[in-house]
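Please find the structures below.
Same chain, two partners: subunit A is paired with subunit B first, then with subunit C.
Moving on, here comes the complex of A and B:
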């Protein structure tokens, strides 16, 4: 008698977790991202870097045993500023990615599921939004609610959901004629139930992938905006540090630039590698690789 | 067409394009390269409230009088006026003869596109424009209440749907084509100075009518230069060329002893250089690099390059080897942190005193001025009568203990109950750093400050609309008289006038009005000093610094000297192209 060997049934998530754990580089990246998250939370709650604005030494002291990463114009620790900057970056990354994913997937789901006029309308919205240059929109939003963290959250969040929305819409159109959705209809499932209980979980890997990519995009954008003076105000940010460095470099003060770049480089690289790994892990076509 | 032919065709086409782009640089053409550290609002003289716009406007427009380029102390001389005015014995009637043969620059606004001759009525029109409440001029404060009938004309017309420029004003008359007569409502000893300010420059009615709201981008004056493009496009590079119809105006032949070395071009027709290029560069580093490549003809040393440029108050060999020349000049200015008095919060004198006491000027001098500035005790800078060299402001910090005590007396012990205060600045990196320093200083006594940065024109607009709480600014003299500084706090000069903090104190106003009517005398000086002490004791502003300019000029620049009041100095500057070619080899 022939029998089939039955492999234990494995969910896509467990599979993804396992494949990331096995991928050394991805795992290290995951650890780095976790460390940054913890650092951000600790800085936010004031456990670390709470006294970043205190003078710890003379202005523009070079990095040394006393001052890791040196001091800035006011004699503040560049190291603590960079950590506080991580808080800013992480918060912007998280909030932006959250706005993006929520908006993108809900609108994508509705557009794809209902089609017709609703689809046209949502398509019109995202085409319009994506046609406005991000910076213009940010300036406009900053004009209305004033420059600052909220303006950055909103402007980055409101400009970057379009890509995800398109992808989700496409996926939903593909899924809504599948058997499992028809089955759900047959037993009297409502539209909401079909959309959120049945289809959404099946496209959720897109959201996870998009979340990680938006996260690092938002961090980079924040740095650029703050450098241009459009971003966060009155609190440390890597972009503001680089803006300071623009003047300081001619004095030979490189450590603010160095610290900000290093901190940013590590998290962005880690997020990119992790994002790639998650995509590979969640892609059904690559399953069993 | 096959691929090869296609590529050749594209290459040939691009060659044509490139050839078209190559500029023919005339070797003998003399070009001046300058920089402006702020964006230019536009070219409307009545809104030349800031130095940066004033400098650009002065290249194109002119006034009745100007300051002699080579005389110190500052001396008024006729410019569009043929001679200094005749003044009646009571000092109220000023009669000017306008220089004949002065032409407006050619523009489509004039019949046949040819500029017409300047007449006395143009000044009547220009000064009425300054007074027109619909135009909301930044400069009305200069003549407010000074010319007979002008205030009445302004008030009457503010109620009409359109301003009637044809209605006569008693104190402002064109008697004939070349005779202009002012009748003052009351003595105004600084009147002649006001006629050298950009606010009173001559504009023509045809141009103002033709362009309307766009007038500020279509400057048509009588001055030595005009815009190469014909209009201003808010670009970052502003190019001026010689005005071909400029009248005969010669480089001065007489000079004060300190300027004897600037007489090489005496008697030559102005302007001396053919083209002026102004680069709007808000950030200091790119401008400094440009200067060091020889692409700017003079530039103030930025704070972050001071250490590498200056040793023991002398230029480092690296720079002096390139032939650069350093000039150190105290400026007639005061930098200050202003409160908006329309906001009730700031009417609390103890709050203002507490904040001033918490601020460490010495540290700010070290961080931002390389210890080259003089901490200000009050509003009138050294070099102007009314300044008191030995006066110490009792509320000037740093004195944290007293600051905390005063803040408690203000009703906000340790800052409790005090809302977050916004602090508006213009948006360069250095301004932001200064603002951050201010935030840090205020934190020490529990006062919370939020920084709001905007580009210079937008920042100015916010201040003029009174929509700021606190702000950082500087005032440079328009004329060498304490009245020009004391008027900054005179109630009727509120925004959009020069009184950006909207301070309005009846006691101060009364004292000021008294002083403003007085001719130069020991009594007036005494009153000036009293006013100066009054505003110091009440900490009406947080007086920060009287600055010094550390300006570097290139070896090929001629006739340059640092000055607070010569906004029109560009016409006197010259370039030695031979020296430039030689010097640039060392760069």
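Moving on, here comes the complex of A and C:
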């Protein structure tokens, strides 16, 4: 096993950034994720792909020099829809990961720090949620909330925080009796201050790792919700494009499926590789797993 | 502590979890969900009709009584009748279990056997090109959504090449075989990535242990170390992972079944969602949670039996 040396005056973050920069594959992945983020923001502000809903040619034209990825049933550009879909995917990834990480870390902190009844209660909530197979619960919540982006955000966010909560709780229990926390109490630090100022930064690498994991999970799960008709409505999303293909393939129209899968594949793969690299960099104990 | 006492304690601990599962189902379907009377009657129900449906479904009763009904169904497995097919739900579930398992059981065995073999192979060459490429291919395969595999597989292998049946199912032993082949292949493709990654980690965890170094110092061959020492110790995480997947086998491949029109439990669930069939969705949620808890318990018990170091806590 290789040992990672951290220079004493170098923060773990600087060290992580350096090791990702040195790892070619991870660096390329980082660039890809950034490109997608920029694409999402530009699409959101309407700079690019604003006229995705415009008819540019005949219905179901195959990919050609005029139509890079072909056209869909209404003669709209599949390429522009895929770019606009990046906006949807990024927003689903970000919001879901934000809900997941916030819920998971706050509840994990509280459960680990206070222990006792509060810990039992939070433990009961996450045991209960993790007993229901994820896919069933996601479908049930999305079904109840109804179609649309909110349903996607909430159903994915409310179900995926339990893993992080459990890990953070365990870490906080290990940390709360350390000297630096006692020192903080000695100078009169409140519980809140000790939890969020002192302990939280020491478990924050787990939040980051979990963020990238949830991000790609959410993008992939959107496809299932779209297939069930519970997903995004009235705007392009990769899930809806893939779902549309179930009626198109028998007519030989493969380009919507192809474009959406390709767009999704690249960012999910990049997030996976980047997530692994961040984990290796921030948590050397887990190196190589 | 006695193993039986341990099991009893674990079973008792399952009760609050089960009550929690019922509470989630109750909150989702009895409190937050749109009024089922409106779903059943459409927009034009009169006040009397709505009240009558509420009476029939027991929705006019107090909340605690409705919650109690759900808890009762979790223990008696009497889930009532489907709203759309009017069949008894327990009967529907029994009918659906076999087609689901006709796909998932062979697929599960095949996938895990292949995944364990691959993971042993790459652990042998850990850090080398082969190991790195296999891990990369696994991650790449995991980065494609399941639905894309299903669509492509059905279109290309079944429709274009005519290698498999496009969709459908026939009951009875030799009859169902042609219909489940492609779903089995798809299950393999969708699950091999995460499985190989998991098993590889489990094996590598053991490879860096002290006893492996001792074995090497004794002059044992790498092969002997891997199969006699490492695999035996890695058996615990491997078994845990295997058992915890079993409840999902009964649930079936939700997307695959619905796509290939296989009358299994996954297809049943999707149909229930499309027709707003609350009792069926509720039943499937509760049953899958119960199955998950039971197999979780089984893992814990097995763990203590296999590994003498594990304490009966």
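Convention: the second predicted complex is superposed on the first by the 261 of 289 C-alpha atoms of A that agree within 3 Å, B and C clash if a C-alpha of one lies under 4 Å from a C-alpha of the other, contacts with A are read in each partner's own complex, and residues count from 1 in each chain.
We take it that a residue touches a chain if its C-beta (ideal position, glycine included) is under 8 Å from a C-beta of that chain, and two chains touch if they have at least 3 such contacts.
Keep in mind that what you see is a predicted model, and the values were worked out from it rather than measured.
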Q: Give one of first, second, both or neither to describe whether A:150 is in contact with subunit B, with subunit C, with both, or with none.
A: neither
Q: Check the residue A:202 against both partner chains and state whether it touches subunit B (first), subunit C (second), both, or neither.
A: neither
Q) Is A:261 in contact with subunit B, with subunit C, with both, or with neither (first, second, both, neither)? A) second
Q. Among the partners subunit B and subunit C, which is in contact with a greater number of residues of subunit A?
A. C
Q: Return first, second, both or neither, reflecting whether A:132 touches subunit B, subunit C, both chains, or no partner chain.
A: second
Q.
Let me test your reading of the model: by the given contact rule, A:229 touches which partner, first (subunit B), second (subunit C), both or neither?
A. both
(Q) Just to be sure I read the superposition right, which of the two partners does A:185 touch: subunit B = first, subunit C = second, or both, or neither? (A) neither
Q) Regarding the shared-chain residue A:250, is it in contact with subunit B (first), subunit C (second), both, or neither? A) both
Q: Kindly classify A:59 by the partners it touches after superposition: subunit B alone (first), subunit C alone (second), both, or neither?
A: first
Q: Could you give the residue numbers on subunit A that contact subunit B in one complex and subunit C in the other?
A: 146, 229, 243, 246, 249-250
Q. Which subunit A residues qualify as touching subunit C in the complex?
A. 1, 124-125, 127-129, 131-133, 135-137, 139-141, 143-146, 216, 220, 223-224, 227-230, 239, 242-243, 245-246, 249-250, 254, 257, 260-261, 264-265, 268-269, 272-273, 276, 288-289
Q | Sites on subunit C touched by subunit A in the complex | A | 16-18, 20-21, 23-25, 28-29, 32-34, 126-127, 139-140, 142-148, 151-152, 154-155, 159, 201, 204-205, 208, 247-248, 251, 254-255, 259, 269-270, 273-274, 281, 284-285, 288-289, 292-293, 296
Q: Mind listing the subunit B positions that touch subunit A in their complex?
A: 283-285, 288, 302-305, 307-308, 367, 427, 429-430, 432-433, 436-437, 439-440, 443, 450-453
Q | Residues on subunit A engaged by subunit B in the complex (per definition of touch) | A | 53, 59, 73-74, 146-147, 229, 233-234, 240, 243-244, 246-251
